[in-house]
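In what follows, chain A forms one complex with chain B and a second complex with chain C.
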Partner chain A sequence: MIKLVKYVIIDILRSKVIFAYTLFLLATSLSIFSLEDNPAKGLLSMLNIILIIVPLVSLIFSTIYMYNASEFIHLLVSQPLKRTQILIGLYAGICISLLIAFTVGAAVPVLLLEGSATAYIMSFAGLALTSVFVSLAILSSVITRDKAKGIGMALLMWLYFSLLYDGLLLLLMFQFSDYPLEKPMLVFCALNPVDLARVLILLKMDISALMGYTGAIFNQFFGTNAGIISAASIMLLWIILPLLIAVKKFNKKDL
Partner chain B sequence: MERASAKTKIILTRTLFFLLFVYSFGFASAKIIHVGNSYPFKSIKKAVAIAQAGDSIIIQKGIYKEGNIVISKSISLVGEHEAILDGEHKFEILTISANNFLVSGITFQNSGYSSMNDFASIKVIDASAFIIENNNINNAHFAIHVSNSHHFTIENNLIKGYPGEEQSTGNGIHLWKCNNATILSNHIYGHRDGIYFEFVTQSTVASNMSEKNIRYGLHFMFSNNDYYTGNTFSDNGAGVAVMFSQHIQMTQNKFQFNRGGSAYGLLLKEISDGAILENTFSNNTIGIYMEGTNRILVKKNKFQSNGFALRVQASCSDNTIENNNFIANTFDIATNGSLVLNTFNGNYWDKYRGYDLNHDGKGDVPFHPLSMYAMIIEQNPVAFLFLRSFMVILLDETEKTIPSITPENFRDDTPYMKPFQL
Partner chain C sequence: MIIANEITKTFGKLKALNKVSLTLSKGETISLIGSNASGKTTFIKCLLGMVIPDTGTISFNNQNILNTWQYRSSIGYMPQIAHYPDNMNIGQIFDMLHDLRKQSATDADTELITSFGLNRFMNKSMRTLSGGTRQKVSAAIAFLFHPQVLILDEPTAGLDPLSSELLKEKIRKEKEQGKLILITSHILSDLDDLVTQVIYLQEGEIIFHKNISQLRSETNEEKLSRVIAAIMKNNNSQND
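So, the complex of A and B:
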């Protein structure tokens, strides 16, 4: 399996796409912090990149890679290897190479140029979101054999997690605004990896605002050790669960 | 300029006091009475009893537990190093009612608490022309309590309390019905209000540090024509509360880390005709909260990293907000209605994204500091959880293009392109 992971990483790192992604992240993060004299504004732009661009690229790139590697997967299946190992190996390979790209392109420059607590939590959030969305991409590529359908599904997932979900929640919130919604909303927010990452970053970035108002319940929950642990475990669940379902499907799949 | 005039004022009052002292000493052939273990007088009370106007009582190192010491003479009470007056958690330590006196260099500790009386470490009633300076007041209910007095200075005292509940904790420096007071360079920590003014006029509060008080760092009630400058208010329930007062000048203060559900850097309630100049508001949940506030000039202040820089309720009118810097605040403005009777003019907003074609330093398109999302939160606080989400960004952008919820006249017509050097 290690060999497979190594092979996938080398294969991906050699490709131009991942190079372009790294370069894009590097260029944006460098230009954001060197052109902007106000670091808070720079962090805000980085936040949008991490919450919007990173999941999108992770999803699309992984899905396309999985479809392009279908012949390679066929070859692997014919070898004396367990299917579980093959899929997890592929996941690890793709995920590690995207994590490397993110670290080089965004995390390192942000930490070097900004280095505040917000920068640290942002880097972690970016790494976590990459892992989550690669896992979701693997699932979508296992579910359907049709490449166009698979990519479409991945795009829909991205749209859902970064836009539709919040829109639906907002709608729900206005419909039920007469009820105490703080706690249910907290739970709903935690159920979306993008929202969860956003909230964790906000707790550092907008702490002054969050200390007042409803934000206080966020702070009470995620500000404690128990909250941090539960946030981390929810993130971990978002990585493991889709992958587990994908493995189950892949094991039964007629290739 | 204003600061310079404040300094001159302080220097003038000090000279006046000094002259008064020299005057009194000169004519009354002043004695110096030593109190302590190695002197004939072991008790401060006895020394006070024989002292005459103009005498000085010097207290030697030691702990003095004498209950309540009452003074009604123009004398100086000066403590040597580590002269400690202990109230044993039962007594008010010093009660003074006189003109021309001095209390200096004494450590007061453990004054009593009563829910009937406002026990204080130093209580002054019906007095004038006095100085309370360089004292160290520890674990008091009220630390310094002055009522019905005028022309005095409270300077360079270190006051530290251990707050319990709001009802059972006293104020650091409490002034009631006074005028021409100068509160200078004190450090107040852990009381209910750091400094409390009620019916106090023509007074100055300068260069104090007021922190970790459970209610307000500085509190004005029904106090007019006062001036505070160069103070730091940090980590209080609210930095400064100005209520039911007129003509208060507030300059060059720092309001910081006042965070919480109802925490403000500066709380203005039912006040009019004042000025807020050259202050720094940073890391507060709400920088300035205005309610029933009229004709206030907010100029050349710096608002940085606050949750809300300004919260201007619809009950405010004729306030002018100009030449301020708004940098890295989560929200620049919030309000609770659609009525706008205030002027926003020529500020620097870091959220402004307009252009300046004629290069006069001012943006060519007006800036709307009130975001739609701030209005949504106002109606539905739970929406706070969507702060900075993609959905909210889209909503805000739409609102900027086609305004529908936010009041159209809530705008800065000449936003500056670059921050002011403040």
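So, the complex of A and C:
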């Protein structure tokens, strides 16, 4: 399996898309920090890149890669290899390549130019989001046989997690504004990896005061070690669960 | 060597295979013939575990292949259409397979690589290869690990006459070593002198599975294509 991972990484790192992605991240992070004299503001701009661009690229790139690799997967399946190993190997290969791109393009510049705790959290959030969305992309490519449908599904997932979910949450909050919603909000946040990442980063930025009472509750929960650990484990669940379902489906799939 | 027992596979409403039972034994070179969409490729994919049958069992050397993967180390498979990672070159593909199979490159069967002249292309990336060259790579991969069973899906489609002759030569050699070879092909004349048994599939059902000598004496024809044509004619006249 490790060998498969190695070859997938060799294949992906040579593709122009991953190179362009790295270059794009590098250019944005460098320009943001050189244009902005207030590093906190720079971090806020980086936050939007990480919360929007990183999931989008991870999803679309992985889905397309999986579909383009379908005949290659056939070849692998006809070899004496376990299907579970094949899928996890592909996941690990794609994921590690994208993580390398993110590390070179965003994490390293951010940490070098702004080595605060926020920068660390932001880098980890970006790495976690990459892993989560590659896992979701693998799931969507295993479920649907049709390439257009699979990419459409990946795009829908991105739209849902980045935009629709927050809208629905806002609607819910207005509808039930007479009730104390702080604790349920905590749960709802955990149900969306993008929101979870956003809250974790914002809390570190000392602007949680702007979020009112909910912000205080969040701070009380995520500010503690137990909070950080539970946030990390929820992220881990977001990586493992889709992958597990994908492996189950893939083992029964007709190729 | 391979025993299939009442395999049924449906894709939606389409019955791709309907209660197919076959015994494929060692040393035979079997031609799997049938019109388009008759279930040839589905059957092959069932053998390889790529398609999981709805009902029925397949055993390889007396072991049920369901949910196992080790048996595939003794199968060499050449798919109909092959694609490989775009950014890898041919050499890396071979290296990868050696790596994945945990078999060293020294005892690999590289005869086809040399006879196809693939050595010259080792540094060419897969993206730039023509369909025929890709087909040659697939063929070389199928023979690479001295498999006991060879499954070749339309092996000569897309190959030029010279390469197709080289491939046939290689198949003949393997046949003489007593391996089980399963070939599907539309081009009947290609296989004339190689085949020892013929399986004829139609709409997911086996019409017959007979020795070539038996077929020849039944139809009084020498050439395989004529034999098949005679049988199809008989079938049609019976149906009328």
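General remarks:
In this text, the second predicted complex is superposed on the first by the 250 of 255 C-alpha atoms of A that agree within 3 Å, B and C clash if a C-alpha of one lies under 4 Å from a C-alpha of the other, contacts with A are read in each partner's own complex, and residues count from 1 in each chain.
The working rule: a contact is a pair of C-beta atoms (placed from the backbone, for glycine too) under 8 Å apart; a residue touches a chain by one contact, two chains touch by 3 or more.
Owing to the predicted nature of the structure, the values given are computational and were not obtained by experimental measurement.
Legend: residue contacts after superposition of the two complexes on their common chain; A:189 is shown touching chain B, with no touch to chain C. Shared-chain residue A:10: touches chain C; no touch with chain B. Using the contact criterion defined above for the overlaid structures, shared-chain residue A:82 touches chain C, although it does not reach chain B. With both complexes superposed, B is the one of chain B and chain C in contact with more chain A residues.
In the overlay built on the shared chain, the residue A:225 is in contact with neither chain B nor chain C. Across the two superposed structures, the residue set of chain A contacted by chain B and also by chain C is empty. Those residues of chain C whose C-beta lies close enough to touch chain A in the complex are 11, 45, 48-52, 69-73, 75, 77, 79, 81-88, 92, 96-97, 99-101, 141.
Against chain B, the residues of chain A that register as touching in their complex are 38, 40-41, 44, 47-48, 51-52, 162-163, 166-167, 169-170, 173-174, 177, 181-182, 185-186, 189, 194-195, 198-199, 202, 206-216, 218. By the touch criterion stated above, chain A contacts chain C in their complex at residues 3-4, 7-8, 10-12, 14-15, 68-72, 74-83, 252, 254-255. Considering their complex, residues 259-263, 283-286, 305-308, 327-328, 330-331, 350, 377, 379-394 of chain B touch chain A.
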